[in-house]
Structure formats: C-alpha cells, structure tokens
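Have a look at these structures, which come just after this line.
The following pair of complexes shares a single chain, subunit A, combined with subunit B in the former and subunit C in the latter.
For the complex of A and B:
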C-alpha cells in the first residue's frame, strides 16, 4: 500500500509517499501563491518519481498552513501533530521537538508517541526562517551560506534586538562599525537561539531533543541552539520532510481504521485535477 | 476590505433561547442613557466596578453605560477598528487596553462633534456623561484610561479604590473587617461627591431596595452556574457571554431578575432532560479570561469540528458564590452590604487558593475549583497583548492545573477588541493539535485515579 503526505508550508512545499515500512519517495519545492495548482503539479512529479499512478495511493493527508488547498486530499491534519508523528518515526525516544519553519516556530512535547504539549510563535518573524532571509539579504550573503560563514566567527557580535526589523538595522550598524560578517551572523544565530529557547522552555525542554524544519539546515543556528539547550540534539536526515512524513504516517493509520470497501470507494471518487483559485467563479478583480 | 471582513465574520450561535434575547439589556442601557441625556437627567460612563459604585449611582437616578461592555459590542459587530485607529492617531499605543482604545477613539469623535454622540456611533453610541465612574479594581491601567477620558469629555472623574488582599493576608485576624471598613469609608466619600455634583440627597431606602434586588439577581445567576456542572453541558460560553449582561451591569433591574429566572428554568429543563448545548460534546473546556468578542463564531466552529464545549469561563464576569448567611447577620447598612459584596468578588475563592498554594486568589483559583466540579478536559488560555491582569496569571494557572489535576491548557493569543492580532487559522491548528493532548491527559487522569 502507498500513503501520501503533503505539507504546504509558508515557504516550502513537501510531499512524502511511503509504504507500510519505508519512505518511497519525497519531493521538495518552493511554495508559490497558487497552492492548489502547486499541490497538483507536485503530486504529479512525486508520482512520476515514484513510478506510481494516482490510483495507487491509498490515502492522502495534507498538512501545513496551506492544507485546506489540497482538493484531492482525503483529510487534513494540523502540522503540529504531523511534525510530532514524523519525528517520532525517526527517533522514538525524543521528548522535545523544535521546529523552525519559514514563518513560524514550534516547540512540541512528546510522551510515548503522544502529543502532550506545544507552544508556537506565529505572530513574529524573529526565530523563523524568514528572519534569516531578511538578515542574509541585508548583509548580501546567500541564505544557504550564512550557517557555514558564522562558524568561522571568533567573537560573536552582541545583537540585542529580537525584532526582525530592528535586528536588521543593528546588524548593519555593527557592519559599519567594522565587525566582521562572521561575527555578526554568529551573533544573530545566538539571538535567534535564545529566543527559540525561551519560547520552548515554557513547555520544559527534556532530553532527547530533535530539531527539525528548514531552519535547522543552517549549521550555525543548529550549533547556537545546541549550545543554548546545553546538549546535542538529533536531526532527521532531511529536516524539511518531517511534517509531510507525519502526514503520510497519519494516512497509514487512517487506512487501518476504515474498511476496504470504503477505501476503494474513496479512491475511485478522488481526482487529481488541476484546480486553481481562479477557476471557481468570478472574483472581485475580474468582475468589478 | 471592510465588506470582506464583515462577510467572513460568523455570528456566534447561542444555544439558549434566553441567550438570544439577552441583547435587549445592552440596548436598554444605551437607550436609557440617551433618553436621560435628552431629558436632562444625569448619566455616567462607568467601569465594571463589580457593583461597588454602580448601585449607588443608580440610587441617585443616574443612567449608566459601560464603555467596556460597549467595546465588546463594537468588536462583536466589527465596528471597533475606526475607534482604534482614531485612538492610535491620538498617540495611544496599541498595547493599551482594547476597550480603552475603542473608548478613547470614540471620545475623540465626540469631542469633534461638540461632545454629542456622532451620528454613526455603533448601537446608538454612549450618551454624553455627567461624570465618569472609574475603579481601581482589577487593573491599574483603568485609572489612567478614565483620567485621559476626562480630558476629552470635560467632566469630573471619580475613582473608587478596592483593596486587593493577598491570600495569606486575607486570613489574618481582623484583616477582612479592616478592609470592609475601608471600602465603606470610600463609599461614604463617593456618596458625598455624588450629592454635591447632582445637588440632591441619596435616597437610602431606594439604595436598600437596589442592593436587595442585586443580591437576589446574583444568587440566581450563581445557581445557573451550578446547573452547568451537568454532563452534557446544558449551555456553553457562547450563551454565557450574552446572559452575563443583566447580572454584571443591571443586577438591580427587576426585569433582569425575571430574565434570569427564565434562564434558570431553561437550563434546568435541559439538565433534567439531558439536552446538550452542543450535540456531539466530546471535550469539556474552561476558558480564561476575556474572549475575542470579534470572533465568537470561532467557538461554534470548534464545537462542530471537535465536539468542544466551553463549560465554564471568564471568572471575572461571573456572579460570586453567595456571602455566607452568618456574615450578613445584622448588617443593614446598604454601604456595608455593597462593600461585602464587592470584596467577596475578589476574595471568594481564597479558600481554594490557600488549599493549592496559589496567589492571587482572583483570576486563578476559581479555575482550580471549577476543573474538578465541571470535569474539565482542558483550559483555553486567551492571553491579551493589551491586558495584563487577564494575562499574567494564565500560564501559572495552566501549570497548576497540570500539576494538580493533569488538565492541559492551550494558549491562543488575541485581543478583546482588536481583531488584527487574532490569527484564526493558527488558532484552529492549535485547537486541533490540542484535542490529541486532551485525549492523552484523559488517559493520564484515569491512571492516576482522578475522577474524570
């Protein structure tokens, strides 16, 4: 059997197709404005990569902030639950999960595979991938490179502001004072790590800790976070797909709960069609 | 944009017939004050003083309106934003109380209109006041709000003090009686102020009647709360936030008392016949503290999606458990009765606070008592960027609930008036995930031998 999970995040969209035991394939692409068209396109790509037809997928679950825009999904599940499930599959002993996404950041507590508590920053860019993008743009460095660059720092700068706008100004001010980019970036990573730590500590950080989400691909941030937490954390092989994997795991679980006949009916009724926001009737812009 | 917002808003669906009728009392207050103004009778803008100041003003023939209640109304019809913007333009920061900003923006509009009600004021608007009745209860920011307001409206401001006793101090010998005497002396000064301002004497018999009626209304409101312990829940927060208007603002009104008798009968009927407020009740949650008035439909949605019933909520809006008979024995002075009533509001759950070692008793300990009595599966915490008193105890309450009763809490930020800081989609995500958490702790409570 095949189970699919789609995670439509604010910045990146991910698809995981898995069998009962293993990840069969995954696709990662940037999220655009048109979630519905993207979901369809990415699913086609994933199916092609997996050498599967749409009809072979037994159950599909969508997650992430764009989850309601996947018309062909059988069900939607919140990303908090999906991240927890995905990490639990990789690391069953993990008790605390820190997810650094494009536009939000979460702390999740797990106990024997159960979601027992969570905390989330969803109103402020500080502590998210967006913050790193803004800073890298301001400093004229590629966002993929800022982690490695920061590791060369010998004297991390003190960046006191936690607001994205003010931190950007502060970084530029340090630059004008002659502080090296390495030290500024290391200071920025420390600042973000402190902010994330303070938020997640509200639910009591317990060993073992897993780090996930796109932000963790930044080795500088990862190092700063581990230093702040006080011990090393585990990171999945591809931290971007944890939510999509969790969704696929939920899909597997739901299939186990419904009878075969119902499953077959569902599969027959499901359509992978190119649906867009703009094909659904007049909008204000088009019809006054 | 405005049209879109209005279109998107979902009106809260009350489950009680009486709750659907409660809006009448809000309109009645506003209209009575406008009429009084027209007829040259005194009017006032009052804070919720938990009956400390309102009853005396009413006995002096003053028609009261409540900017806090009106702020909630403006938010619920999504008409608060222009006032918030106006307040912002006056230099008041967005971290200031949403009710205050709504009111200050409106006062500025009034000042521009020769201190008369602007023609487009929501619900007919707040009538021009003769004076402002402020209170130090609950929140320090409330002092400054009415002081600032007084400058726009060019009327006197009277501020009532209220001792906020610590839990251990409350149980010190003589402490309570000392505080009651203090409140009575405050009230005497307040009476003198009103007599001087209005040029007439207080009718003490009328005040006694008003106090007596208030005690009766609050008792029946409390009895409705007791009925709500039933499983399934006969009414939910969406009902309470409507029916609270009569007991919080008009407890002296015989019509409010008659209304509450009908509420009681309706809720009792539902309890006796096991009629649930929401047909698929799966989770029983408490809500703390002040709701997002602009998006109450959210709670209907989570009831439908997940079977969540908000079974008890908002301590600060509830009628207090009645004062023990022995405490009232021989007390006939209406000022002392008022003092005891208001002080009870702020100390009535101190026994629970002492039992669980929490302080302050207000804002916190009611939830510890309610968690058991209402068989709560979770606490919905709604911290407000603009309200310290209703926020600073929330996380601690959540921690104590978890520690003592294995009842988890979910934190969803927002505001009472400012819908711009409430992220509805994220709120749904959090509640959906929280359902899993409540399932988990139901098992934990079972294992630990807790009775629900």
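For the complex of A and C:
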C-alpha cells in the first residue's frame, strides 16, 4: 500500500509517499502563491518520480499552513501533530521538538508519542527562516551558505537587535565598521538561537531534543541552538520532510481504521484535478 | 548666562536614518540642515554641522556650545555635550509648544511617549525600540514596496475609503502582506491607510500605559506623515500639535540644553 503526505508550508511544499515500512519517494519545491494548482502539479511530479499512478495511493493527508487548499486530500491534520509523528518515527525517545519553518517557529513537547504542549511564533519574523533570508540578502550571501560561513568565525559579533529589520541594519553597520562577514553571521545565528531558545524554554526543554524544519539545514544555526540548549540535539536526515512524513504516517494509521470496501469506494471517487481560477482557461488535469 | 550677550550654539540629532543640525542665536533658530545618515555616522554628523554653519554664515569658532543626541552623536569630530534623545525631544517640543505636556515621538529606530514638565524636562517616558513595526521604519519599508514617495504616503492615506486590515505586527511580514494585497488589486491608498491604522494602534497602546496629558504633540519623522498623525489622533482621541519642522525638534532641544550646561 502507498500513503501520501503533503505539507504545504509558507515557503516550501513537501510531499512524501511511503509504503508500510519505508519512505518511497519525496519531493520538495518552493510554495507559490497558488497552493491548489501547486499541490496538483507537485503530486503529479511525485507520482512520476515514484512510478505510481494516482489510483495506487491508498490515503492522502495534507498538513501545513496551506493544507485546506489540497482538494484531493482525504483528510487534513495540523502540522504540530505531523511534525511530532514524523520525528517520532525517526527518534522515538524525543521529548522536545524545535521546528524552524520559513515563516514561523514552534516548540513541541512530546511524551510517549503524545502531544503534551506547544508554543509557536508566527507573529514576528525573528526566529524564523525569513530572518535568515533577509540577513543573507542584505549581506549578499546565499541563504544556503550562511551556516557554513558562520562556522569560520573566530569572534562572533554582538548583534543586539531581535527585530529582523533592525538586525539587518545592525549587521550592515558592523560590516561598515570592518567586522568580518563570518563574525557577523555567527553573531546573527547566536541572536536567533537565543530568541528560539527563550520561546521554547517556556514549555521546558527536555532531553532528547530534535531539531527540524528548513532552518535546521543551516549548520550555523544548529550549532548555535545546541550551544544554547547545552547538549547535542538529533536532526532527521532530511529535516524539510518531517511534516509530510508525519502526514503520510497518519494516512497509514487512518487506513487501518477503514474497511477495505469503503477504502476502494473512496479511492474511486477521488480525483487529481487541476483547479482552475476565475478568468483563466482550464489547465489539463489527470484522472486517477 | 548674560541675556544681553549674543550666544551661538549648535544642536545635532544624528539618527539611524537622518542627521539633523541646527544653529541657534540665543533662542532663535538661524539655520538648519537635514541629510540621510546612510550608515556613515561620522561623515553625516560632521557634514550636517558644517552645512548648517555655512547657511548661518558662521564658523565653528563662533559656537559657544554644541549639544548632540542620537545613535551616531559620538562620531562628531568636535567636543560636544551628549544629551539623551528623550531630553532633547522634550525640550525641542517645549520650544515650539510650551503648553504641551505629552510628546509622542515616532522615529526611525524607536517610538517614544514622553510626559514633560512646563520647563520641557522629562517627567515620565515609555520607549518602544525592539521592533520595526512600532517605528516609522515600517512606513519606509511599505513605501518602497508600493513604489510611493515617503512624502506622498500621508496625502494618499487620507484618500482611502476602505483601509486594508493588516493581520501582522511584524514589519517583515507586513511587507509580504502589502505585496499580496497589491497582487490582489487593492488600492495603494487603502494599503497605506491600513498600515497607518496598524502603526497608530501600536503607538496608542504604548500611550495608554502612560497617562496622556491634555496638550499632546507628535514629533520625529513620523510626524511628517499626515496620514499617521490623523490615525494616531483617531486612536488616542486627542488633537496632536505638529511643529513646522518635526525633523529638527531633537536638534533644537540639544542646542538649548547644551547652552545651559
């Protein structure tokens, strides 16, 4: 059987297709403004990559901030639950999850695979991937590279502003004072790590800690966070797909609760169709 | 100080966005100069002072005192008296409006609500400098997104019939929101008015924490934006006095205080 999870994030969309035991395929693409059409397009891409047809998918769950815009999903589950489930699959002993997304940041407390508590910041860009994007753009460095660059720092600069806009200005000021880009970036990572740490600490950070989300692909931020927490954290092999994987795991669980006949009927009724918008011609769809 | 004596003094306010200087003859402003700081405090501070001196037909040796405030004040090459921005703005507003007891300052880096005495001294103060969404910086960010000149923001805002509601309190996210609203075909007027409402709500929330006095004035770069001024007036339900040149209020205060020291 095949189970699909779609995680439509504010910045990146991820799809995971899994079998009962393993991840079969995954797709990671930037989220555009039009979630629905993107979900459809990406699903086609994932199916092609997996060499499957839409009809072979037994259950589909959508999660993430754009989850309501996946018309072909059987069910929606919150990203908090999906992250928890995805991490639990890799690291069953984890008690605290820190997810650094493109436009938000979450702290999740787990006990025996059950959600205990969570905190979230989606009101302020500081502490999210967006902060890193703004700073890297201001400094003229690729966001994928800032982590590695920051690791070469010998004397991290002091960046006192938490606000993205003010931190950007502070970084440029340091640059004009002759501080090296390595030291500025190390200072920036320390600042953002402190911000995330103090938010998650409100729900009491307990070992084992897992870091996930796009922000963790930045080794500089990961190191700064581990320094702040005081011990090493675990990170899944591909931190971007944790939510989509969790959604696929939920899909697997839900299938177990439905009888075979109903599942077949459901699958027959499900359509992978391109959604059209007002004022434009239909785009080609593919039936399952 | 002998009141018959002619005394020249300079006041500087070297802010994160703008550098301002005034030259005063006793209590009269002789000249002023305003220029963008552009990240180079030392250059901006010295240039703006020399420029103001030149306009007044004076040289540095004519000055009895120099007072300076702002983030970049310490970069000035001449000896001067360092004064806090809060004191300078209070005193500067007092110079224009002696009856004012509450000053709302909306700057590029911070917003402040200050209660002042009748001498223009600080009685109480609240500062918000942690977040660009609470300062006039957000106006510049959105002006850039909308490709609108900063000085046109106020008049445009007043033309709005249906202000857009901003759902975020973050300048970075507000930028994204503004871009989305433009893409959805919303009018610039309505987006700007919505932004003014959001910023005014923040300033007013801050003002609620300090007791607003009868006579209130608004100063700093934000006071140049009539849309923001009207929005703040609406939220605090009070009329705000605005000086002819809100940019130089702090510099005037700096000059006046330095003379006394």
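Going forward, the second predicted complex is superposed on the first by the 275 of 288 C-alpha atoms of A that agree within 3 Å, B and C clash if a C-alpha of one lies under 4 Å from a C-alpha of the other, contacts with A are read in each partner's own complex, and residues count from 1 in each chain.
Heads up, the rule we're going with is that a residue touches a chain if its C-beta (ideal position, glycine included) is under 8 Å from a C-beta of that chain, and two chains touch if they have at least 3 such contacts.
Computed from a prediction, not measured in an experiment: that's the story for all the values here.
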Discussion item. Based on the shared subunit A superposition, would you classify subunit B and subunit C as clashing or fitting together?
Written reply: clash
Discussion item. According to the stated criteria, A:65 is in contact with first (subunit B), second (subunit C), both, or neither; which is it?
Written reply: first
Discussion item. Output check: A:173 vs subunit B and subunit C. Expected answer is one of first, second, both, neither. What do you get?
Written reply: second
Worksheet item: Which of the two partners, first being subunit B and second being subunit C, lies in contact with A:117: first, second, both, or neither?
Response: first
Discussion item. So in the superposed three-chain picture, is A:78 touching just subunit B, just subunit C, both, or none of them (first/second/both/neither)?
Written reply: first
Response to the item:
Clash check vs subunit C: of 22-30, 58-66 or 94-102 in subunit B, the offending stretch is 94-102
Practice prompt. Overlap the subunit B and subunit C contact sets on subunit A and report the shared residues.
Written response: 123
Worksheet item: Which residues, counting only subunit A, touch subunit C once they are in their complex?
Response: 33, 103, 123-126, 130-131, 134, 161-166, 169, 172-173, 176
Worksheet item: So in the complex, which bits of subunit A are touching subunit B?
Response: 65, 77-81, 104, 111, 114-120, 122-123, 202
Practice prompt. Quick one: which bits of subunit C touch subunit A in the complex? Just the residue numbers, please.
Written response: 16, 39-40, 109, 130-133, 137-138, 141, 168-173, 180, 183
Item to complete: Note which residues of subunit B are touching subunit A in the complex, please.
Response: 395, 408, 411, 413, 421, 423, 425-426, 428-430, 432-434, 436-437, 439-441
